[in-house]
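Each chain gets a letter, A, B, C, D and E, in the order it is written, and its residues are counted from 1.
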Amino acid sequence: MTTEKLALIPLLPLLAAAVTSFMRDGKRASIFAIAALLVSCVLSLIAFNEAWGMAADDKPKLFTIPWLAIGGTAINFGFVLNPLTGAMAAMVTFVGSLIFIYSAGYMSHDKRMARFFCYLSLFAAGMLGVVLANSLILFFMCWEVVGVASYLLISFWNHKPEAAAAGKKAFIVTRVGDMGFFIGILLVFKVTGTLDFYTEAENGILQQYDLNSQMAFGFSAATVISFLLFVGAVGKSGQIPLHVWLPDAMEGPTPVSALIHAATMVAAGVFLVARTFPLFEAGGMLPLVAWVGAITALVAAFIALGQYDLKRILAYSTVSQLGLMMVGIGAAGVSVGMFHLLTHAFFKALLFLGAGSIILGCHDEQDIRKMGGLAKPMPLTTIAYLCGTLALVAFPFTSGFFSKDEILAGAWANNQPVFWVAALASLLTAVYMTRQCMYVFPGTYRGEHAPHESPKIMTVPLLILSVFALGLGALARGSILELFPGKPVTPHPGTVVAVSIAVALGGIALGFLIYRGRAIGQTADPLALKPFERKFWFDEIYEATVGRLWTLFTIISEQLNALLLFIRDLAVEVASRIGTGFAIGGDRKLIDSLAFDGMCARLRFAGRTVTRPQNGFLPGYLRLIALGAVLLTALVLWAK
Amino acid sequence: MNWELIGDILLATVPLLVIFPSMFALTTWVERKALARIQNRIGPNKVGVPLTPYGGNLSLFGLGQPAADGIKMLFKENIVPTGADRLFHLLAPILSLIPAMLVLCFLPLEFPWLNGEQNSVKAFMLDGAVIFFFAITGLNTLAVFMAGWASRNKYSLLGGMRAIAQMVSYEIPLVLSAVVVVMIVGSLNAAEIAEAQAGWNWYVFQPWGLAAFVIFFIAALAETNRSPFDLPEAESEIIAGYFTEYSGFKFALFFLGEYIAMFAISGLAVTLFLGAGGGPGVEALPWLKVIWFLAKVCILIGVMIWLRGTLPRLRVDQLMGFAWKFLLPLSILNIFIAGFAWHAKKANEGTAVSVIVWVAALIILYAAAKGLDHVNRAKVKPRTYQYGE
Amino acid sequence: MSLLGGGIFKGMAVTLRNFVGSYFDKERLTTKEYAWRTDDKLPERAGDYPKEEAEQLSDTTTVTHYSRNFPMLLHDEGEPMDTVRCVACQICERECPPQCIYIEKSKDKMERGGNKAQFYPATFDIDVSVCMSCQICVEVCPFDAIVMNSQFELSTPDRFGGLLLRRDDLLKSNDYYHKIHPEEAAARDKRIADEKAAKEAKKKAAEEAKKKAAEAKAKAEAEAKAKEEAESAEKPAEAPAPTHTDAKKEDNGE
Amino acid sequence: MTLALHHYLILAAVLFCIGLLGAFSRRNAVVVLFSVEIMLNAANLNFIAFWRFGTNPELLHGPLFTLFTIAVAAAEVAVGLALVIAVYRHFRSVDLESLDTLKEE
Amino acid sequence: MNEVTAFWILAAISVIGALVAVRKRNLVHGVFALLVFFAGLAGLFLLLLAEFIAVVQILVYAGAVGILILFAIMLTDRVTGKDAFRVTSRGSFWGAIIALAVFLVILLPTIREIPLIENATPKDMIVEQSSVKELGTKLIEPYIVTIEVLALLLTAALIGAVTAAQGGRASEKGENTE
């Protein structure tokens, strides 16, 4: 494996993106893009094969291309090949190729098909760059390419205002995380003087373990850096509290959802954590990772219970699973988290593509209340979908079972509370997946037009994926756990095994019991509780907090105002009861005009003042930017 | 204080300030005379040298005319229109004169009274003389805009904007045709360019040099707002363009600036294409170089006057089309051909191949020009009349 | 396949021929120096005019061909101000395109030539630095009071006052007019005389018309009848007009 | 007194902040644009000064970088002014205070 | 008349030019002040022996950018500015304060380093070949890709500027390309 060949893996899709951007004929563009990705798939399989031969502790193979030199430090573009990147690249290209083929069928009626494949290829290029990059700066650049491509893809149907808004949301929310990431990168450069993960001279970021000895902002450098990197990962991987963009991203075409949610983009965040694991280890941030993951897993699973949109359920399921991956990395080490990532990529891609097939079969209907009885007209899709579901709920001996089992075992060994949270999330996973299947497959069709099976070009990838979804876990378990850093817990305690089987089977049973014989679609759903359906009001909360930080002040002022009014009423009441004639003069003068009303007015004024900067006045924004620059520079000078 | 250096600078610059303005004075007379003769008129023939204060006068074919004009201009009232920008109205003619005067320093005039080391105006012999020349001539555009805008007159402003559009457009073929010579010589230094053409190796004798010279000359005509490109001061359309509100001494300054710019750009053409000071007898008598140089400049000026007497004024769209659709592609092609021809000639020095290359380059250039001309004309449909017949 | 730029060379050849030719062939020259001189001899010295030439020049009547034309005010025989034709009606002042005429009416009226008493111009100024010799004032004048002069020596040392011609500068006799524009003046006089004659004839006719008024009244009824007939005759004449415009419309539409 | 590097650096800082002042405090978009030009030029001065006082001027990094900056700045001005003209065509104004469609209603 | 005097004069010219450009109500005056600033800066470049950059500065900024801005001004608003309008935007006081803050932040490291850099003297450049030639060689040898990219950028900018400035007609055409 030479540098050129390794570089070809991301460059081929990039080339395809460049070429297809000039094309108009969708079919030709799709053939071109698929061919490019297939070639890079073959290449990455070769690379994977090569990397598989390496032991976990072997020095990774480095391929460095010098980029620029600033003063004495050189900044390189480089690629790295070790089992982690090899496996990821193989997975991304493989799943990616299947999704490409599938979307050639799915998008065949769209006028802008060529453009779609251009974006897809761009996305794949960025993702492969992320996977293979050996330097944080290249990693970040590709990370941003992925962000741009996902923005373009999510809002691909930009004539729909929701799609456009969803794209914007995804872009902006991940930007919050990226900001942290970027500051982290700068800090890394400042502390270590290099941005390479590994170098030949063994002084790469991941090869230096003395980061704790350096201080930044009063904490150890490793802590701060890993926290900042984790912020980036949270944004990209849709962890709480930055998960809100992910379900909205379902507005994009279904293959996009599959590509973004299953295989690649969201995995990038997890991959980042896995990649920079030594930093997290050194910085002692792993419990935080585990806890964030666990809470995400639980909350997302609850929300998934209350959703009716087919793809949204899967989206929240993804968020939940990503949380589990974080738990895996945080509590049990890289190998476990990555194992779940890989298996999840296959079965979640399968589920999304299956969902796409269902949606296409039901004439663009996404509401599960309007489906039902699809088992008969769409047999292949149903089988594939059920395979994916089984893997997701961790039915014994499917791939999901093995990986989830590892996670739970790791959590049991290191962090008992997290274990229980994760187990509960797994239980809920089984429940909501059963609920979804009960809605969709048995019974009679509740929609308007008769459903139909999807074309071969779509079902064949589904079937290939279902084989992997069922079998990959058993197949790859040993070697993955062997080769990735971080040793899993062996043997598994009996409790863990029991719990993990119990949550899977129990969840399915629970779901089955609740929904069996119920007139689905007509009566209210017992599990779709208000908080679940409204997604715990996350969007609304953000609307009131992050989205309108300044409005928040107004709201708070008004609440305080109301409170004070209430207190005043109370006081007036009390005072009037105590002694009327005596109290009135003091009340009016002192309490009304001075204390309460005056205070309220001041609070309102304050609210209005803080909303002022957001007024569409361009020089004002410029000034704020400059102010930010000043503060940042001051920070840098201070940190020096 | 380095008095010696200052002395050298004065020795080099003062002649410039003497020669060129006096050439300007003479040129105004020559131009009026020549134009008159071309139009079968007599031209100025009255003003001469007054022999007595009360009359009696030596007419000398009207040679006293420039002096009389100058005196008249000097004593005319300085009129600034109401509402004009007084400061800019004053600055514009000065700003138009300064760059024109400044670029004279970059011409490789080798005055005999400067010793060999400080040949020509060595103080200004910068490495980038040619590009300095273009940079500073470009400032003239600003003066024109200043004049047009400061006059607060719509005709002035229109003239000014026309002038800017024209100057900016024609600057490109001008520079691109000069690039050919710079590329062949491998230097931007005017003295080195002159050196490279010693003997009779004038670049105008090369096919690409001829093409570049013609393009350069045409662009120079436009750059100095000479007929047939004198749209900015087209009397029949916009009175006198940006000159409209100028009279007296300010007008004289403008006039002077314009003519000095003509000399300067002719000087550059002579430097780049016509062998600078080269000519018969310069080996024996080096001081002949200055004479030859000025003589060539005068010939170019003469051709300019001749063209002014011959050609009618272009339309605005023709003007722009000519620059962008004809001169620009041709000058770019010329760069390539020069490169090829030069390499081919270098590889086969003195053989028949070089002759063939010479002929081939000439034919290609001519065919290209012809083709461009044809293409440009193809779009012009014969005029049809709606109510005519 | 003509030579590229051949037209330019052709033109340059023409101008070159003119340039050289004008030195050898006097016939080519369009400019005639000292054109009033009959001997066609160029002066030996340029500059101020010889004395006899100056006299010649001051007699503007001889050099009409090379002189400039600006308006002047005519008066008939007698004292200029008593016989001025202008009645200060200010039509020329209004019509003048560059507005170079300035007139002030007199307060009183004056009788001249046996006609009804009229105003006369108290001030009549023409700024010849502004005048463009368009002759519109001459065209519009109903009294034949303003006509074009011809002058040769107009230069003056006074920029503002010198070129502002006052009323007294402008007043010229009809004889002078005859001298400089003999044919035009003769025609004008003839026309005035004819108009006068026609006016008198009209006066007579009007008196006769008064006499006939009574007869006309009697005939009124018959005339009304005739009018009716005329209207009925006009109607069919109007009818084809619309079809004509329709046809035109169709043409345009196509 | 001899000229040292910091003379140029402080001059460049002053010029940069004058540009900043213009960008912050003027209403006309064109003026803001040429304020940006002033800032770019101040940065160029820094490049040249560092080159001149630097350790190896024979590498010509400073002039080269400045050359590139100038070219990019020229492109930026062209596009910026084209945008200003487009904005003017749309809003009939280049007054930054009246261009507030970014504001959420 | 030594180098220091020249520096102060040129510095004064550039600072005053820039200030006038930024503060003047009349836009055309502002642009000409801007050109004075450019010229002053070109002088400073000459002082630093970067003569080619000085030429390019004049050629590009004074020659091209100035004209371009003038054209933009003539095509947009009233040139001399409406007298009834404020020149400065809302809250320009805070803008000035922030600009000052930026100035201080930039100045701080410079002043801190003065003892270090005070003794840094420019090397005497004895360049056998002309520096312009050197620059040209450098541009071709290691920076050819940069030059190409720059050429591409300029072309793109040209097309972009034409499209943006052309407005209506171009966008109508553009809709058909999808």
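In this text, a contact is a pair of C-beta atoms (placed from the backbone, for glycine too) under 8 Å apart; a residue touches a chain by one contact, two chains touch by 3 or more.
Computed from a predicted structure; not experimentally measured.
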item	value
Chains touching both chain B and chain E	none
Smallest number of contact steps required from chain C to reach chain E	2
Most remote chain, CA-based centroid, reference being chain A	C
Interface with the most contact pairs, given as the two chains involved	D-E
Chain whose mean Cα position lies farthest from chain D	C
For chain C paired with chain D, centre-to-centre distance based on mean C-alpha positions, whole Å	66
Centre-to-centre distance between chain E and chain A (centres being mean Cα positions), rounded to whole Å	44
CA centroid of chain D to CA centroid of chain E, Å	5
Between chain B and chain C, centroid-to-centroid distance (C-alpha), Å	48
Shared interface positions of chain A, touching two or more other chains	617, 619, 623, 626
For chain C, residues that touch 2 or more chains besides their own	none
Residue list for chain D, restricted to those that touch at least two other chains	20, 24-27, 96-97
Which chain pairs touch, all of them	A-D, A-E, B-C, B-E, D-E
Chain D to chain E touching residues, read off their complex	1-11, 13-22, 24-28, 30-31, 33-35, 37-38, 41, 44-45, 48-49, 51-53, 57-58, 60, 62-64, 66-68, 70-79, 81-86, 88-89, 93-97
Residue numbers on chain E that touch chain B, as the complex places them	1, 28-29, 32, 35, 51-52, 55-56, 58-59, 62-64, 66-67, 70-71, 74, 79, 130-133
Residues of chain A defined as touching chain D within the complex	614-619, 621-623, 626
Residues of chain C defined as touching chain B within the complex	4, 8, 11-12, 14-16, 18-19, 21-23, 28-31, 33, 45-48
Chain A partner contacts - residues on chain E that touch it in the complex	89-92, 94-95, 98-99, 101-102, 105, 108-109, 178
